[in-house]
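Take a look at the structure set out below.
The letters A, B, C and D name the chains in turn, as written, and every chain counts its residues from 1.
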Amino acid sequence: MDKTIESVAEAVAGIGDGAVVMIGGFGGSGAPIELMHALIDRHRQTGSPKGLTVVNNNAGNGHVGLAALIEAGMVAKLVCSFPRSADPRVFTEKYLAGEIELELVPQGTLAERIRAGGAGIPAFYTPTSYGTQLAQGKPVAEFEGRPYVQERWLKADFALIKAHVADRHGNLTYNKAARNFNPLMCMAARETIVQAAQVVPAGGIDPEHVVTPGIFVNRVVEVPEPQQEELLNRAGATYP
Amino acid sequence: MDKTIESVAEAVAGIGDGAVVMIGGFGGSGAPIELMHALIDRHRQTGSPKGLTVVNNNAGNGHVGLAALIEAGMVAKLVCSFPRSADPRVFTEKYLAGEIELELVPQGTLAERIRAGGAGIPAFYTPTSYGTQLAQGKPVAEFEGRPYVQERWLKADFALIKAHVADRHGNLTYNKAARNFNPLMCMAARETIVQAAQVVPAGGIDPEHVVTPGIFVNRVVEVPEPQQEELLNRAGATYP
Amino acid sequence: MTGTTHDDIKLSNAQIAWRAAQDIADGAYVNLGIGLPEAVARYQPPGREAIFHTENGILNFGEAPPEGQEDWDLINAGKKAVTLKPGAAFFHHADSFAMVRGGHLDVAILGAYQVAQNGDLANWSVGARGVPAVGGAMDLVHGAKRVAVLTEHVTKKGEPKLVERCALPLTGVGCVTRVYTSLAVIDIENGRFMLREKLPAIGLEELQSLTGAELAVDGTVADLIVPEF
Amino acid sequence: MTGTTHDDIKLSNAQIAWRAAQDIADGAYVNLGIGLPEAVARYQPPGREAIFHTENGILNFGEAPPEGQEDWDLINAGKKAVTLKPGAAFFHHADSFAMVRGGHLDVAILGAYQVAQNGDLANWSVGARGVPAVGGAMDLVHGAKRVAVLTEHVTKKGEPKLVERCALPLTGVGCVTRVYTSLAVIDIENGRFMLREKLPAIGLEELQSLTGAELAVDGTVADLIVPEF
């Protein structure tokens, strides 16, 4: 079994127009910059993919990564919890111009909806958002005298993931807090595409230390010394 | 912060009559034998605790551990998925005599109910058990044309846990498949009591390798070279 | 038909397991039920590498270790000691059943008391007597992409296990799509048993007489041929 | 009352944070909201060790590293670089919010646009204009055992932030139990603001005039005394 492929271009080649794409990361931590930029490259060359629904905690920062994906006009809808950042102008302008749809989800509900998608749980109840605008139109039920909001699972066609070490079976570890949404999104996508700073043979990760078991992963591409959104933004980078 | 205590006797001293107690392990793998036996010791000396509701995947094997707890007459109700084992006589006889109540739960639903208890999710929907006896009386709902059963969270007063390494903050690792229900039960109990083969200072476990973060743990007791149910049973052991 | 009974010609458990193993693709993630189905792992065709999942929290476990070298924290769902293959991973029960319920397994192969022509499965309870036990079966039948059953064609008393409707308590509704029996390979499609393969030594009529619901035929029925062992 | 205005006597943000820190017990697990509440970590009383949680998946993180030594994969919920203390742990977002929603945090301290006397909190949206952003606030208010607010007593325009009913979109219903303001410490009990402490330099009447709902008094009101810095 060998899930590794040669290039980020090949890794994202199957993502079509209108796909739902989960993108790991919390801000720049754990954000798969190279996979996102490969997707932008493809769009420049072929005009596709476009009309994407992107699931991410945020809405991009500056002019790289997710912000660049939005700036390229490839994103029709964003599902996120916090569309603010040091420099959120790309998203903000498109949003205020009505050029991008926003589904705002509380952060813990977003995480749990993604996990539910991966775990085969179509709906669950949470106290989060009860009595607020974000619960409007959602079923409410009482359990032991307390009201809860019903939330639905969230699944994707693809997940773009940034890992630290991957083995050829797709077992993954992450670097520090770059873990964040990545392991959940691995579970919830039909096809999970991983960039890893290092790819090792099967057995190269201690079975006790695997964070994402390979069953949740479809493709792995090695991207040594991956770029970090925060550093790119401090350098004033733009993509492409 | 130091959650360590000196003895298994002290560790289980607070468990009162009628308590709901989750006990980690899948069969003998990950079963906290010494904590269970300390509870039996207390019952012999004081007549308490009794009338316990125990949550475990199984119903004991032979005459040690959970089987011994049941044999001592301390368990009023068992919530489990698979009350069979190489030697299930202790439970079987009490069950057929109507001396112990059984709530049978599919294994994955049991795991998810415990996680839900720990995660503040009062109810969720699962396809598991739909159309079977085990779904009788439970609400059913359709999502995207498929029927699902509503299941409720499961919480406990106490959890008895077997870990491999613990630090003084209660961060835990497990040994191989002894992980099983242990991390979930840590989350779902009001007070989580851990026996660990080794206790190390804070910082003694790599933050990347922590399986159960200390926030889910209340007390830790070191039990070097813990007993293994399978080996006890092969030796024909009984407790006390 | 010869004068032999089906007992003389039927496949051994190992042979049924061998047949089931032929349908497991390279790279598949597979859960094998406790008991009879466990043997399927031994008959993976050369050149194919399946990854086996056990509910208690391991991916890519292997054979039992030599006696005396067991680690009793390293067991499978049947509580037998196992070993690890390179690329193994441990995880807790909620993650394990997320794999099951979330549709991440390619195949689950289970035993059966009864399978009905609508795909219903009964394999956890023989009724009110005794102690009921369910384990992970009810999760597996609604999770894996393909749920197959591995079973004797009839009970020890000679009663059909493939039936119109399950009389025993159900494990899952409409979940089974293929049945490997000691006499035949049968698909379940649109509420019917479709006979795909049968032992050359048994006639269609006799096979039908040992089956509790109509065996439909769609095109040719292949010979069910397995190695001797 | 002296002739000074409340602007002259009010506590600095750091002083409000100091006061809130005094109520955090040794060994408490604490989440501090982005912005103003983050400062609470700096004023832990000596001899007490709280463990700080950040939604993006760290327990027991510490101060920012020296400039140039940041690891941008090691950040807090405000996306600032942090360091680790001994006994830290990493986990994914679902586990992180299991800690929050499951009631495992002892205290969450959040900022506020408005707090109502029934415990309602508004801190995520100033209405229809602009881009709405919620983050983890709605989870935190229904998860932590104790939810406190840290805020100026009035807005920059001098309007009360403690009100009878929140006019802004709610973050949570009936969730706040204590408010640390620039002028007072106020508990929310049975749908009322109970004044516990106030700056010695402000009179009850003036404090009431700066508050959008009745301030009830139950026994004595202590002096709110904090260090100068």
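Heads up, the rule we're going with is that a contact is a pair of C-beta atoms (placed from the backbone, for glycine too) under 8 Å apart; a residue touches a chain by one contact, two chains touch by 3 or more.
Heads up on the chains, UniProt names are A, B = 3-oxoadipate CoA-transferase alpha subunit; C, D = 3-oxoadipate CoA-transferase beta subunit.
In this text, all values refer to a predicted model and were calculated from it rather than measured experimentally.
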item: Contact-richer chain pair [B-C vs A-C]; value: B-C
item: Pair from B-C, A-C or B-D with over half of its contact pairs in common with A-D; value: B-C
item: Gap in Å, rounded to a whole number, between the CA centres of chain C and chain A; value: 37
item: Averaged-CA centre spacing for the pair chain C and chain B, given as whole angstrom; value: 30
item: CA centroid of chain C to CA centroid of chain D, Å; value: 57
item: In chain A, residues with contacts to at least two other chains; value: 112, 115, 119-121, 126-127, 174, 176, 207-208
item: Residue numbers of chain D (touch at least two other chains); value: 58, 90-91, 94, 97, 100-101, 142-143
item: Sites on chain A touched by chain C in the complex; value: 1, 115, 117-121, 167-169, 171, 187, 201-203, 205, 207-208, 210, 213-216
item: List of chain B residues in touch with chain C within their complex; value: 26-30, 57, 59, 81-86, 88, 91-92, 95-96, 102, 104-112, 114-115, 126-134, 174-184, 211, 228-231
item: Complex interface listing, chain C residues touching chain B; value: 54-58, 70-75, 79, 90-94, 96-97, 100-101, 120, 125, 131-139, 142-143, 169-173
item: Complex contacts: residues of chain D adjacent to chain B; value: 26-27, 29, 49, 51, 53, 58-60, 84-91, 94-95, 97-105, 142-143
item: Touching residues (chain side chain B, partner chain A) in the complex; value: 112, 116, 119-127, 141, 143-144, 146, 148, 152, 173-174, 176, 207-209
